[in-house]
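Pasting the structures here.
Each of the next two complexes has subunit A plus one more chain, namely subunit B in the first and subunit C in the second.
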Partner chain A sequence: MKTLRIYATQNLGLLIAIAIFLVLYLIYATQLSRFGMNVVLQNANEVVPLALVSMAQTVPVLLGGLDLSVGPLMTMINCIASEFLAGDIWSVLFGCVLCLVIGSACGLLNGCIVVYGRIQPIIATLATGAIFIGVALFVRPTPGGKVDGDLSWALTNDINELGYTYGWWEDLGWFGLIPLPAVFLVLVVLLVWIPFRRSATGRGCYAIGSAEGAAYMSGIAINRSKLAAFTLAGFFAACAGLYLTLLTGSGNADAQQAGSYTLNSIAAVVIGGTSLFGGTGGCIGAIFGAMVIRAISFIFRVIDENSIFGFLASPLLQSLVEGAILLLAVSLGAARVFRVRNRLTLFT
Partner chain B sequence: MAYLQMRGIAKTYGGVRALTDVDFACERGSIHAVLGENGAGKSTLIKIIAGVVQPDAGTMTLDGREVQFSSPLEANAAGIVCIFQELSLMPDLSVADNICITDPPRTRLGLIDSRAQRRRAEELLARVGCEDIDPRERVRNLPLSRRQMVEIAKALGRNPTLLILDEATSALTSSDVTKVYEILHQLRNEGLSLLYISHRMHEIKELADTCSVFRNGRHIETFPKDAHTDHEVVQLMIGREMSHVYPPKPKWDTPPQPVLEVRNLSWPPVLNDISLTVGRGEIVGLGGLDGQGQRELLLALFGVLRGVQGEVLIDGRKTAIGSPARAKSKRIGMALIPEDRKTEGLMLPMSIGANISMAAMPMLTRGLVIDRSREAQRITEMIQQLQIKIGGVGDPVATLSGGNQQKVVIAKWLMTGARIVLLNDPTRGIDVGTKQEIYQLLRRLADQGTAILFYTTDYDELIGSCDRVLILYDGKIVRELVGDQITETNIVASSLNLSDQIERAAAEARA
Partner chain C sequence: MSSATTRMGIDKPILIAGAFVIVILLVGSAYTLATQGTLSFLSPTYLLQQLQIASFLGITAAGMMMVILLGHIDLSVPWTLSAAAMLATAVGGPAAVPVGLGVGLVVGLFNGLGVAYLRVPSMIFTLGVNTVLMGLMVILTGGFAPQSAATDLMLFFGRDRTFGIPHAVILWIAVSVAIVFILNRTPLGRYMYAIGNREAATYLSGVNTRLVIICSFVICSLCAAIAGLLLAGYSSRAFQAMGDEYLLPSIAAVVLGGTHILGGRGKYLGTVIGAVLIVLLQSVLSVMQMPEAGRQIIYGAVIILMLLVYGRGDKLRA
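Now for the complex of A and B:
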């Protein structure tokens, strides 16, 4: 019981994000006449790129910085991947690995600028973000690409469809209906994020965000943790770029889209309970934050124009309402302010 | 051959000599106290030993081998562990995470084994007698005294051979202090070297085997504990004859006219039904064990706490104080010298001048702009009045020593012309010379008619400087001591809420 209490108080932001998501998604599901696993799959496909970018954003935020280059880096990887995800299994595999390596290297570059150049993350990544968009435009001046169609179809569907496309297996029952994007996301969390969080380097990132001076005095390898954090951010952004490529089957150096991914990722991170001052939170929260953001836009598709909320259905109002809901969601996490009896604790 | 041997160590910070040609040695199996005023070079000395800063000249040998540390990590690997005055805990991590941060136990996969880590944290906490701390709790949620015990547990977990304690007991409760003494004696008997820095003479008397005095960046003398009297030690530290430590107290024939009156103030569960008055020109002390609600009482008066019940009267008129901004207004004229000058007292990166004029800003503003020349003039006055030692008014306040930083905080509030001054342990971690200046200053302010409410953890200060002392226990005022009643026995007894029993025992002894 005490364990539960401690868990709840230390992960309040995450729990709030999950609750908001469930409420929003329930509204969506009940409003939709033909709700089924195919809808879930479609939703999952829309969530995963933002979820991965938000994971990328989480790591620098834990250090107490912001990474403005996650969206541009994702776009750059999208353009590069659109050149490589074709041919036989080996060349596709090579393309994937290449993209992940490039993404991680770009993250490492950010890290080096922050650590050795002693430049604040927000301005360092503003600059590198512009560079990444530049590279993306150079690689792919016009949208397009030669992504293998089967591959794109198979990897963005459910488990059954993957078997059908390549003739590996037949109907697997309910198990086969699990969307692959969800599987990818879980794999990235289990194989990359959880081990990182439980490594000494990952612990170091939390320590730096919490109190950098104390972390230094505790003999933590500060530079290594920071470099690792930015590299990991690059890796997650590359994952997002790869998935976006599979989803769209093409590359597009869209600077505006890159910017909106970056800003949405910051929102997702905050909704997920990660403090912008660093030190608390995590990628799981960011994933649910991304789900909340997407769920808001799902709801807009199903509002009945004749209902009392019909006036909201106007696409002209969508941005306004989205912003209001975002503000509300973030405020719920800040509601603890009302319970604070010693005002000094607000500032520490 | 001594375990740690330093020869000819020198260090300058941008033209300021912090250490000059220091020879220093520290033996195994002994507790070695380092004494000196702030700015005497003690911090620099231990920072060099701990690898935080590197000396400009000189050599250091450890166990006969010459060593050079470029980071705390290297010093740590050599067995040197430091418990700093500024806590080195990460508030957002759990207690167990903090204790094991340098070398967490790993699973076969190389990941942190959280269960083993928790067990280790529990063992270490038990060793320092803090079984009540849950290792899963975040450090942020622990009170200062508990954090300091976590800090000590963390240091022990790193298996030191040379343990440095820099003001490590300044925030501890007295029961914890006893435990820490036991542990330190035990460690000494195990053959560790312990370097101990403290401004509390009685702690040094109780703990140290050897003492070294530093002054102005030089090593003045090292001597066995009982070789000098307290008075001689203080003279060595300040390098001049000491006048009376505490200024004389005035005689009160009639009670002074009350300025601040508190009636039935409560802030459950910390403060219970507190009533007190502070008169014009009076210094009223708040005593008791640490953490009995003294800090919260001051914060409640200053309008920081929400949900405070009861009445506060200023000059006999009922007044609601909802925020520090309201508390400092002309009508109320209250000032609070906070406990933690680094976070609540100063804007560290801002200039000394800007810090001093920060609270008095409304008085220095003409229309919408700050009257710069008047501001500069008032700042100079305050610096002279408090004898703050500074390079230039424009330097960041972070460059000053602890004692001078505290003077800046006091100057900031004196500039507002406050009539009611609340002080929260203002002499914690500052040197003897500055302490004396603060006692003189408080009495001078009182003589000019200021009402002063003074919380301190040092019983000597209560005895030496207060006209009346209120002892808090469990959020209640359990005893009021006036005049000759203010003795160490009375303070200690009532702090433990034992006064009735002791008086009864005394009465029985008489009968």
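Now for the complex of A and C:
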């Protein structure tokens, strides 16, 4: 019981994000007349790219920095992947691995500029973000692509559909209804994020975000942790780019879309309970933050004009409500400001 | 560095960025000399044209610098700029400019109150304000481009010229003089640098830090609103998302000018040169028929290289 309470206080932000998401999604599900697994699948498909980008944003934020290049990097991988995700299984596999490697390498480049160039992350990634958009435009000056249609269909549906498409298996019952995007997300968390978080390097990231000087004095390999963090961010952004390619079946070097993914990822990270000053939070929170952001837009599709929320029925209100919820969520954290006895404690 | 240059407010970033501006012009001139046999980049017409375009970025960056000096940032600039321009053109008549400036004032106050009193990180608070402003403008216009046109006063400042000198440049100079005065000659300016260095120490020195933060955010949003009004005058109309391409370049201009992104250090002259540098770089590259992809790559590489020369942080020491 005590450990449970400690866990709850340490992960309050995450729990709040989960609660907000559940409330929003319950509203959505009850308003929708034909709610079923196909709706969940569609929602999951819309959530996963933003969730992965938000995970990418989380890691540099844990260090106390900010990565403005996650959106552009995702766009760049999207454009590169649109050239490679075709042909037989081996060439597709090769394309996927290539994209992930390029993404990680770009993340490592960010890390090198931050660590060895000693340039602040926010401004270094502003510059590399421009470079990534440039490369994306170079690879794909006009939207399009030659993504294999079967592949794109099979990997963005549920487990059953994957089996039908390639003739691997027949109906698997309820298990087959699990959406593949959710499976991918869980796999990335279990195979990449959790091991990283439990490693000395990952814990080093948390230490650096809390107090870099103290971490240095404690003998933590500062440079290695920072390089690893940015590389991991690049890897997550590459996953997002890959999934976006599967989802849209094409590549599009859209700087505006890249910018909005970056800004949404910051919002998702904060809603998920990660502090922008670094040191607390994690990728799981970011995933739920992304789900909250997307759930808001889901609701706007289903509100009945005659219900009590009828005044919200106009889709034009969407960004206003999104912004208002973001402001409200971050202002809730301001409660502590009015409780402190000594204002000096605020200046940390 | 000699004391004379230091006294004039010229430091290493300003010298190097200034030198780079000259390099850009020389490379561009060599290109035009080789291809067309002219020196069109050095003609007063071209330079004044570029200064006019740079004035929109320059004024936005001037405001952004006030906030960055505190160690904060204002991500609501794009839609403050757009909202001021769109509301001003929607209202029209003699009330247009006051309405536009009023938007800046209100947004700045709101941002300042949120950051100073609620102590929400400025990064996320202004991001939320940006989204809200976007939402309000979408509701106002119904999601379509507004049909209204810029008023005469906005055209006068944004587009017109006297003796060939664009009024936008004159306004930029006026804003610059005001900001240099605030930064160097008033307590407010001193306190801005002080808060950027250590907020707790400034607070303990008896400074009303909350008021300083609010003032900085108000100046920032006012500058964005002025830039929006000018830009609406320049293009004779206001449109959705007209401010989107000013957010990151304005931050880049401030940082290229030698202002520390974490606050506390920086000279205003650097921000001016940073804005000129970015505008000239884009313009010269597009005249040299560099495709958009190459321009973005060069733009990013220039920022990194320049900062590697003079923008490096301190080494972590025990």
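In this section, the second predicted complex is superposed on the first by the 329 of 348 C-alpha atoms of A that agree within 3 Å, B and C clash if a C-alpha of one lies under 4 Å from a C-alpha of the other, contacts with A are read in each partner's own complex, and residues count from 1 in each chain.
One rule holds in what follows: a residue touches a chain if its C-beta (ideal position, glycine included) is under 8 Å from a C-beta of that chain, and two chains touch if they have at least 3 such contacts.
For clarity, every value in this text was computed on a predicted model and none was experimentally measured.
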- Does subunit B (first) or subunit C (second) touch A:Leu316, or do both, or does neither? second
- Item | Which superposed partner A:Val270 touches (first subunit B, second subunit C, both, neither) | second
- Which of subunit B and subunit C A:Arg343 touches, first, second, both or neither: both
- Using the touch definition from the top, say if A:Pro141 reaches subunit B (first), subunit C (second), both or neither. second
- Message: Which partner chains sit in contact with A:Val186 here, subunit B, subunit C, both or neither? Use first/second/both/neither.
- Response: neither
- Message: Quick one: is A:Ala207 in contact with subunit B, with subunit C, with both, or with neither? Answer first, second, both or neither.
- Response: first
- Message: Per the contact definition in the header, classify A:Ile123: touching subunit B only (first), subunit C only (second), both, or neither.
- Response: second
- Message: Contacts for A:Tyr216 in the overlay, against subunit B (first) and subunit C (second): which applies, first, second, both or neither?
- Response: both
- Query: Which partner reaches more residues of subunit A, subunit B or subunit C?
  - Reply: C
- Item | Which superposed partner A:Ala105 touches (first subunit B, second subunit C, both, neither) | neither
- Which positions of subunit A sit in both the subunit B and the subunit C interface? 213, 216-217, 343-344, 347
- Task: State the interface residues of subunit B toward subunit A in the complex, per the touch definition above.
- Result: 52, 71-73, 76, 82, 84, 86-94, 97-98, 101-102, 104, 106, 109-112, 114, 134, 136-138, 140, 154, 267, 296, 299, 304-307, 323, 343-344
- Spell out the residues on subunit A that touch subunit C in their complex, using ranges where they run on. 66, 68, 113, 117-120, 122-124, 126-131, 133-138, 141, 212-213, 216-217, 222, 256, 259, 263, 266-267, 270, 276-277, 314, 316-324, 326-327, 330-331, 333-334, 337, 343-344, 346-347
- Message: Looking at the complex, which residues from subunit C come into contact with subunit A?
- Response: 73, 75, 114, 117-121, 123-125, 127-136, 138-139, 142-143, 199-200, 203-204, 241, 244, 248, 251-252, 255, 261-262, 291-301, 303-304, 307-308, 311-316, 318
- Complex contacts: residues of subunit A adjacent to subunit B: 2-3, 6, 10, 195, 198-200, 203, 206-207, 209-211, 213-221, 275, 278-280, 340-344, 347-348
